[in-house]
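See the structures that follow.
Here come two complexes built around chain A, the first alongside chain B, the second alongside chain C.
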Partner chain A sequence: MTKTLITIDDKEVEAAEGMTVLEAAQSVGIAIPTLCHNEKLEPYGGCRICTVEAEVNGRKKLVVSCVYPVEQNLVVRTRTEKVNRVRKMILELLLSHAPDSKQLQDLAKIYGADKDRFEKEASFCIHCGLCVRYCAEVKKKNAVGFINRGAKREINFNPELAVKECWNCKECFPLCPTAALQAAYVFIEAQISSTPSFEFEKN
Partner chain B sequence: MNNERVDQIIEKHNGEANSLIQVLLEVQNENRWLPRQALERISEKLQVPLTRIQHIATFYKAFSLVPKGRHEIHICMGTACHVRGSQNVLDAVKNLTGINPGETDLDLKFSLETVNCLGCCALGPVMEIDGQIHGKLSPADTAGALKKYE
Partner chain C sequence: MPRINSSAELEKLRESILSKIDPNKRTITLCSGTACHATGSKEVASSIEEEISKQGLSDQVDIRKTGCHGFCERGPIIVIQPEGICYLQIKPEDVPEIVSQTIKQNQILERLVYVDSVNEEKIIHETEIPFYKNQQRLLFGNNIKIDPKSIEAYLALGGYSALAKVLFQMTPEQVLEEVKKANLRGRGGGGFPAGIKWEGSRNAPDDTKYVIVNADEGDPGAYMDRSLLEGNPHSVLEGLAIGAYTIGAREGYIYVRQEYPLAVENVGLAIKQAEEYGFLGENILGSNFKFKVIVHQGAGAFVCGESTALMTALEGRAGEPRPKYIRSNIKGLWEKPTVLNNVETWANIPLIINEGADWFTQYGTETSNGTKIFSLVGKINNTGLVEVPMGMTLRDIIYKVGGGIHRGRKFKAVQTGGPSGGCLPDDLLDLQVGFDELTQAGSMMGSGGMIVMDEDTCMVDVARYFLEFLTDESCGKCVPCREGVRQMLKILTNITQGKGKDGDIELLEELGETAKEISLCALGQTAPNPFLSTLKYFKDEYEAHIKGKKCPALYCKELIAYYIDPEKCQACMACLKKCPSDAIIGGKKTIHVIDQDKCTKCNTCFDVCPPRFNAVKKISGEPVPSPIPEEERIIAKGSKEK
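Let's turn to the complex of A and B:
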């Protein structure tokens, strides 16, 4: 496999072709924050917290490191002022959805993000897609999915599958950066058990 | 819509998963909404998980997971129609049908939706019913237009 030579934070890094910038950074111990990334899953690029500055042919631009492939002579900077500013903003926006998320609060401390900057719209889910993708890609059960779009998007358990599969799995719970996932499942559980004759209307 | 008809539509598209949206559109057009039993059938035949189909069916406005009326009313609330009085048209339709945007009446006669531009601003305020354009409407014209539909 051909090697690609790139520079990350003034460090020369030899990356394998097809690697993402995030993987290359991790291979030499440079930490980039991530929320929606998980090695077991396909790259997704949903949360944008892993944004870094990349310089190609003398031009600088912001790229999403968990999906951006390495290329020869790429120069990456992971902690510039601009990057920090972008991450701070992303965190403030996400915190308006999930103000109590420990993971977000920890990052907020690092980047000086103010969790009260934006009005709370506590939907709790930050749409990282970890639960949905884990269930589809690793467990191949598709018990949980997204519904709707834009500001109305939310996760949704398929009740019939949830009773069958989720009780014994729950592997997606610890992946969630907020508590939304567990809450959604508990909710569906409660719905199912409170209506013993629960059956979806067959239209 | 019965399963045989759903199967026919699926077959027309050779049962390929990448025709999912086409299949959904055809069921939607014929049946005016997507019943759960049809989605389950499609999921089984095309081998696409139900949660995925649900995501797609709730993503596009063209699909409905609840029954729709025989006639679909779209009232344009875009800028041009707005300044030409689309709110009065909307109010008149709401009064006459007794439903709000996004709803369907009990007799399944009308469904009402507001849209942001129908592309014929010069005709504003515009109302479209089943694809037919009614332009330059006054609230009184609106009532007249609705009467034509059974």
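Let's turn to the complex of A and C:
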């Protein structure tokens, strides 16, 4: 297999062709924070926390490492001032939704993010899409999905599918970086339990 | 209709169509696009048809229902050919007179012609009206000459000759060179050179390739793509077919909003007609080239105008941009090389092929060539669609074509580039309009929205308005756009409500920079523009709102108060009677006073106070003067000048 030589934080890294910058960094133990990333799933590029600085032919730009493919002579810097600033802002924006998320709190310590910078939001979903994508890509069930768009977007279980698929699965639960998924599930469970037509299928 | 199997057959068909057209025959041309229908052109059309037959002129007069003429401020519009007599704002009741006077007796109805707002001169001919005279209508000019439901009308104007030319006289490489030489840049917003995009797809090794028309026009108030597609669908199809031939595509899509039913209808019909003649389908014009066009109706999400979101939607999934760092001309629709260009870009192609790149580049600036259609709206006299050469100054567009600011008010800013464009102030009025010029000034070309604002517009509120639109239209996938722009909107809303605080501007700048730098797609990357550009040019307004709790344009409701000047009030009862919340105290011969606690700031009193009194004032950033004592409110007879 062709090897691609790149530099990450002054370290020379031999990456396989087709690898992403994130994979190349992980292969040599350089940590880049991620929230919406999962090896089993297609790269999503939603949370942008894995932003790094890429330099190609002398031109620097910010890219998301979970999607950006390695190329010969690429120079990557994972902790520039700009990168740190962007990550801090993303964390602060997400902490307005999920101030109690352990994963966010740990990252907030590293980047000096203030969990109270923005007013708290009602929903604690951070829209990483892990549950939605896991259910679609790995389980191929599509029992949980996104509804609405923009600021109104949220995750939602489809009751007809949830009643059939979710009871014995719940594999998406541990993926959730906040408690939003469980909350959505509890909500749908309550809804299903109070609907007699669903009771029948459940048994 | 006969299938056309060669260039020669096409020319023969054209001759036969032309031989049946009498250029001197009286023709009543009526604009019949979507905007025209809204102003009543359908009713006018029926009365023209009725009147022509009633007055026994059916054999002598043709009626041509065309697409949009552009001068929508004065629609519906009729132009009587061959003289080119233009009548504006026609109502069905005007029609009998038009037919009996103008058609039968060559008498001009002066009350229906254009009157110049400056010198009050009456202008009879369409081409002499300043709105049209100062334009360069290379693309849009044909709208008025064509019945969009008739392919023969397009053929009569030389239609499909460019397609024949590329198929029989040019190699794909030569077409590519011509488009590159013309420096045709994408009219949808990005301004990326079409030739370079095409070249990438052409050189990609895949066998299957696609071409797409982006007709997902989503900017509020913009309708140039709709008007082109409705009014001259074949020009877009011909351009698309030429593009397909050049890159080696055999299938093309027209992604058009479902909200554009007339465009869908006209382009669908156009495809059918073109297939019957053999300009689309198998063995086009008898050559080996085959090309099929499919119309796809979008569900109306603004973000689907973004190229990768559009392709995702076309594939049948939720319209969200792709995170990939690979251009869609290499891997686009179904991972195949795909050239996506906007309606207007495609419509330019037949012109470039017929007239040549050198002809095309005579229009414009060094880096932006040809013309651009703008949707000129807002506080301007001549609202409508205008096509001007690139490089025309904003001043000429606004004053020469647009006829200046509505009601003689003062110009304040022009917003270009759609919701994520920017606002430019009066000291940039001499800026030449071009892709790079606008971007350097902090705005953008976008798809050609141009909203003119006068002194009564609050620039902070403008930024708030556009961010509200973008927050609604964000797909919600990436954090800097979904969360960051939402926070920006919250802060801006607070500022317009007098809740702004120190540090807000800096926080907005930081959020704006984040969204600009790392958002997934162009929607998020450009979403901060309305804020950044208004901050750049109107920072004093932000500071007035935050520090002085004052809206200098007297627009933001929470920051203004209404007050009746007791010196000027004539106790005429006009405002008192109209106030919907009974907030005005007073009576006959008793000076009126506004109860500030009850006032909902609906502006009614301000609107109804007779201009000769001019007693109702809007104030901001200062306390409302205390009302005069009740005993002093009585107006004694003759104590006040009337």
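Note that in this section the second predicted complex is superposed on the first by the 196 of 203 C-alpha atoms of A that agree within 3 Å, B and C clash if a C-alpha of one lies under 4 Å from a C-alpha of the other, contacts with A are read in each partner's own complex, and residues count from 1 in each chain.
In this text, a contact is a pair of C-beta atoms (placed from the backbone, for glycine too) under 8 Å apart; a residue touches a chain by one contact, two chains touch by 3 or more.
This one's a predicted model, so the numbers in the text were calculated from it and none came from an experiment.
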Could you say whether A:Ser27 touches chain B, chain C, both of them, or neither, answering first, second, both or neither? neither
So, does A:Val144 touch the first partner chain B, the second partner chain C, both, or neither? first
In the overlay, answer first, second, both or neither for which of chain B and chain C A:Gly45 touches. second
Based on the superposed arrangement, let me know which partner A:Ala136 touches: chain B (first), chain C (second), both, or neither? first
Taking the superposition on A as described, I'd like to know which of chain B and chain C A:Thr7 touches: first, second, both or neither. neither
Hey, is it chain B or chain C that touches more of chain A? C
Applying the touch criterion given at the start, work out whether A:Asn156 contacts chain B, chain C, both or neither, answering first, second, both or neither. first
Footprint intersection on chain A (chain B / chain C) at 146, 148-149
Show which residues of chain C lie in contact with chain A when the two form their complex. 301, 303, 318, 323-326, 471-480, 482-484, 486-487, 490, 510-511, 514, 517-520
Under the definition above, what is the set of chain A residues touching chain C in their complex? 43-49, 51, 62-64, 66-69, 82, 85-86, 89-90, 93-94, 96-97, 118-119, 126-127, 129, 146, 148-153
Within their complex, state which residues of chain B touch chain A. 35-37, 49-52, 54-55, 58-59
With touch defined as at the start, can you tell me which chain A residues reach chain B in the complex? 132, 136, 142-149, 156, 158, 161, 200-203
